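Pasting the structures in now, so scroll down.
Both of the next two complexes hold subunit A, though its partner changes from subunit B to subunit C.
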Partner chain A sequence: MNYYDHFVIPFVVGTAFMFAVIVWKWGRWLWKLPVADKKAIVRGVFSLDTLRAIREVVYESLLHRKIFRVNPVLGYMHMSLAFGWFLLIAVGWIEASVVLGTGTPLHAHVFFRYFDTAQHTGWNPFAFIMDLLLLMVLSGVALAWFKRMRSRALGMKRTTKHVFIDRVALTALWLIFPLRLVSESFAAAIKHNGGFLTGGLGSLIAATMDSAVIETLNSLAWWLYSFALASFFVAMPFSRYMHIFTEVPLIFLRRYRLHSTAREKSFDNFQIQACSRCGICIDPCQLQNVLNINNVQSVYFLRDRRYGKLDEKVADNCLMCGLCESRCPVGIELNTLRLNSRQKSIDTPALTRYDYLQGIDRSSGNGKVGYFAGCMTLLTPTVLRSMERIFEAAGEGVWWADRDGGSCCGRPLKLSGEVNAAERIMARNKELFAKHGITTLVTSCPICLKVFREDYNLEGIEVIHHTEYILRLVHAGRLSVEATGQEFTYHDPCELGRGSGIYEEPRELIRMAGRLVEPEHNRREALCCGSSLANLVIDDSQQSKIGSAVTSELEATGAATIVTACPLCKKALARDASVRVADISQVVAENLRVAS
Partner chain B sequence: MPQFGFSISQPRAVNLDTNDFVPAEKLLRELPELQSCIACGSCTATCTAGNLTSFNFRKVHTLVRRGEYREAYEQMDKCMLCGKCRLVCPRGINTRAVVMKIKRELGDYQR
Partner chain C sequence: MGKQVVIVGGGVAGMQAALSLKARGAEPVIVERGDRLGGKVAGWHKLFPTFTPVEDVLGPMLQRVQEAGIEIHTGAEVEALVDGGVAVKGGGRFSGDATVICSGFDVFDARRKEEYGYGIYDNVITTVDLERMFNEGHVATVQGTAPHRVAFLHCVGSRDEKVGAHHCSKVCCITGVKQAIEMKKLFPAAEIYNFYMDIRMFGPGYEELYRRAQLEYNINFVRGRISEASQAMGGKVQIKAEDTLIGRPLKMTVDMLVLIVGMKGGASNASYAAGGLVVADNGFMQPLDPFCGNVLSGKEGIFYAGAVTAPKNIGDSLNEGSAVADRVAEYLKL
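So, the complex of A and B:
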């Protein structure tokens, strides 16, 4: 039997269209991947990574475990839609295969209750399960409705503003399940094949309408249901719902160690189209909640980039603080994507740029340990003086890379998108480090730290932040810190915390000097000081507004001193602080226990 | 014409009437705070690039505002975007944005 009725046409056409578009998109992206990435995929496919990826797909794409962690109600909403629908398809498939036999066409599975041939007497376990699942999905739809109306109820202050194609897809999606309920109820009124929900409604329909009317409405309902499915499938690859399928290859590719880089590549597409526009990244953004800027957050940035409408002002207006990246349930590399879109729009070949650095060497001193202050530390001499005292107290011979002026590390250029130019500066600095034969490079600036670690490939030189270095000195017994009984609070710099994963070292040092009181937002959740070099748009008053909001949160701890570990954060916080703001090196240098 | 013994060195003559102000005006429209510059020179004094070469940020942005773009693009290319100037500017001018804008606007004026 071929189980055919005209109403299946929209569904069949829509489904075929959707899969054709998806295969075409993915195929093109994969084809355009750089050779190294393709090799990584080939290596990865036959490794344990594939199994890990499958596990992750179940946890994240179906169960949405990460969203559950952020917010259980929101998690249930996503899970009931994704996992519920998946189970409806899976269980429906099994039921149709049992009743209609294997090898029946796809639409007969999807519209099974219409084509059902079994004689139903008594309780049908399949119908019961299917109704339960439908109820679960409907509850998700109801929650989604509710979220649109009142996002706060689901713990989100703001929900995403959607584009037209998203609205089409969304409307279709919302209609699919209520229409399914209606269609299956009518089928049940005729065939008595429903469960507690559709069967109950079916009996009600059978009892109140006469059979000719039921026949007509039945056919109408199935037509509408098929149309709703078709509209969703046609709109889907062009709307945010592309994420449903794209998240799956993304998880695999990520397990095969593919990453976005400072220059665009086709892998970026998998990340961009895996964004569900859930809007979780909106609320934490300080540009949103302090400055009321509401068109630059990652969700809008990815959307604009996907539809080719990215404006420089949107790409440039981001602190790259990483707060949204740490929250994103899909794990999209938001900072890197932001960076490479800047690279694309402003990078110039830079053939002779910074040639003036050739031969410039203002370094001094001798030692295996090199100290790179960085531009920002040179602007905060107290940090430099403190480091001098610490090195001296520990008896360390130091090579001072830039105490008397020197080059920038290159990260500010990179953050602004001038990656080619940044590489030229980096090459010069590398030559300098190699020339002086250091084995350890200490820096006080987390911005420099990050670029030394990630972009310099300094073979044979260990790069560490001064917090790590000082703590090592203490552990090695070369330095000791006097306890003062003072109260300190600590501000995690973005580039040091989320950026480089250094959270505990500064805290351990502070606890040696006194008591540490944590501010409301700390570690992975820490706020940005507002002066980030990555933002090229906001003006001075806006920077200081963000800064003072952070400062007041730190002051609310009641601590006598605000400690941080970045010269730029220090400057930003000190602007509006009514208590002392000090770098961790100052705290240590001031409380050195004199060797007896 | 009587000669008074004064002359103007041709290369230093500035004729504001013949300058093309379109890029300069665009710069000031997008970064109006630049008009509040008091030419204090703090930016130049602290400049990382200026410390190593003869690059002078105050001079470059002042010339650009006057519509004199000669060499401005090449000069701006010396900047490392380190951001020190922004931190010391008493008028809180977004100097890094000024650098970027000048580079973007004057791309056509190269050579």
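So, the complex of A and C:
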């Protein structure tokens, strides 16, 4: 038997088209990868990473474990659709192979109930399982439908505003499963090959309709079902549903240690098109919930970039606080993609720019420990003075890199997209660090810390933040902190917390000095002070609005002092605070226990 | 008994408004948060551009207020605007047929420019501190010595995007020139520097005084803001700046750094906003328009005079005190 009917044509054409586009896209992206990335893939394929990737694909692409963690109802919705559909295809293929034999064409599996040749008597376990799966998928569709109308009920204040192609694909997707139910029910009315669901509906149809009408409607239903599938498959590679397949290679490539960088590259496409536009990134964004800016969140940024419509105003309007990145169920490197989209237009520094830095060395002192205050620390001299007292109390010999003026670490330039210019400044600083033979570099500024750690490649020099350094001094018995009866609260700076993973060191120090009361949002969920260097669009009053919202939350703890560990955050929070705002180094320096 | 007018604030604008209204037959009531009349002016020593002692201006005014028998309530801080008057902290109320808000401005808190070290380093002071020293008759460094080199820094808290203050505080340029001359008179051997972005001499006699400061008093004017300060040996202050006229950075050690702090909208403006009035983007109250409506609030029966709507000098504030009486009289059909 050739299992052919005209209605299979839309499905076959749509499917072929979809796979052709996907293969073409992936092929092009892979081909354009830099050589180093290609080598990494070759190294990774025959390693354990492949097995780990397979496991992750099952967990994330099919079961959606990360969405479950963020929001269980959303997790079920995605899982029932993705895993449910996957099982429908897999079990359906097994059933068709058993009944029709192997080597039958694809459409015969997909439209199996229509082409079913078996004589059915009694209970059919396959039909039962398939109906159960269909029910599961339908429950997901119902939830998705409900979410469109009442997103708050599913824990989302705002959902993504979708573009036309997404709406086409979404409509087709929602129609596929109800149409499948109708088609299979009509087939069951004729062939009695349904399970508890389609079979039940089939008996009802058979009992109430004329057999000629049933024949006509059966044919019509299968045509519509095939059209719905075809519409979805044709729209799919151009819509958000491209994520369904793209997340799979992304997981593998990530396991092979491919990452996006400050400069755009072909790998970015895998990340950009793996975005499902679920919109989980919208609600936490402070630009949205404080300033009511609604078109710049990661979901819109990625969408605009994917369709080549990215406006500088969107790319530049982001605090890069990383709150959305920490929530993204696909784990897209949102900050890096945002960064490298800023690079193109402005990054052509004159050849002589920063030449004046050549040979300038204003550093002073001697020691294996170097201290880099950074611009913002020099603008908040209480921090610098506290560090001077701490170094002195610990008896540390210090090489002061920039106490008497020095150049910028380069990160502000990098964040504004001037990567090439930033690298020139970095090279100068690197020379300076190497020249003075330090083995540890302490900085008070998390912004500097991040760029030293990630971009400088300082071999033989350990880069640490002053919170880590001070805690080490205490643990080594070189310093001790007097306990006071004071209450402190702590603001996690983005660059230190989410950016560098330093959460516990400052807290441990604060607990030595007094009692720590946590604000509502802390650690990975901490809010941005609003003064982030990364946002090139919002003005001072908008920054201050974000800052005062954060300050109010910190003041609500009732603590007498707001402690932070970033000079920029300190300045931002102090603007509206009615209580004292202090750096962690101040808290320590003020409560040093005198050695007896 | 004439119609009552509540005057919020007993600085020069408030006193003038009260005097003018009294002369027209109204019964003004001054509600002052401080323990005396005179406002910010009372904390000053001598006034620009004539070096007139403050007592010569405030003294006769206070006497006139007293002689006119104007009702005064000191230690009464207005908390909210209520229908037909104001409510003060502690539960009191003052009602009248009209309200004139003359609560003035706040001085910019120099600690917000932490890079200048106010409140952190020795010998970093503000113009307000220096006037107090003039009044006390003892100007010296924390170490008790006479300063040999003094730097004044203009525009602290004015025209500064970084602290969210875009506006010009108008009177600081001339204040800096006046105080520089006073310091030179006290310490003739000292070097005095003024670091500025622009010198804006808007009033009569101001430009002339600026010229004299250079020609007669040998005061140095350097175009360029100070970028940061740090403590040097012996309580001195090291400053870094750029001389933008010659395009070179400079470093200097001074015995005293005077921050010429600007004006900002008063803290009580928020409570007026809660009462339905409009606060402008710069933090001052927004008058109906900057022309014929400059003392009108846009809300019936509520008027403004003085620095509550923008930075102003004493003369301007006095003029508005008179002008507002005109508009209140019109409103109350006096």
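Everything that follows uses one rule, which is that the second predicted complex is superposed on the first by the 594 of 596 C-alpha atoms of A that agree within 3 Å, B and C clash if a C-alpha of one lies under 4 Å from a C-alpha of the other, contacts with A are read in each partner's own complex, and residues count from 1 in each chain.
As a working rule, a residue touches a chain if its C-beta (ideal position, glycine included) is under 8 Å from a C-beta of that chain, and two chains touch if they have at least 3 such contacts.
Everything numeric in this text was worked out from a predicted model, so none of it was measured.
Clashing of subunit B with subunit C is the outcome of superposition onto subunit A. For subunit A, the partner touching the most residues, choosing from subunit B and subunit C, is B. Within the superposed three-chain model, A:P412 lies in touch with subunit B and out of touch with subunit C [touch as defined at top]. In the superposed model, A:P381 lies in contact with subunit C only, and not with subunit B. In the superposition on chain A, A:I360 contacts subunit B only, with no contact to subunit C. In the superposed model, A:D210 lies in contact with neither subunit B nor subunit C.
Once the two complexes are laid over each other on the shared chain, residue contacts for A:R575 go to subunit C alone; subunit B is not touched.
When the shared chain is aligned, subunit B comes close enough to touch A:I425, but subunit C does not. Once chain A of one complex is fitted onto chain A of the other, the partner contacts of A:D540 extend to both subunit B and subunit C.
Residues 378-379, 405, 540-541, 571 of subunit A are contacted both by subunit B in one complex and by subunit C in the other.
Residues of subunit C that touch subunit A in their complex: 112, 114-115, 117, 120-121, 161-164, 228-230, 240, 281.
Residues 346, 350, 353-354, 356-357, 360, 375-376, 378-379, 405-408, 410, 412-413, 416, 418, 421, 425, 531, 533, 536-541, 568, 571 of subunit A are the ones that touch subunit B when the two sit in their complex. By the touch criterion given at the top, residues 378-382, 385, 405, 540-541, 544, 571, 574-575 of subunit A touch subunit C in their complex. By the touch rule above, subunit B contacts subunit A in their complex via residues 33, 46, 48, 51-53, 77-78, 80-84, 87-88, 92-94, 96-97, 100, 103-104.
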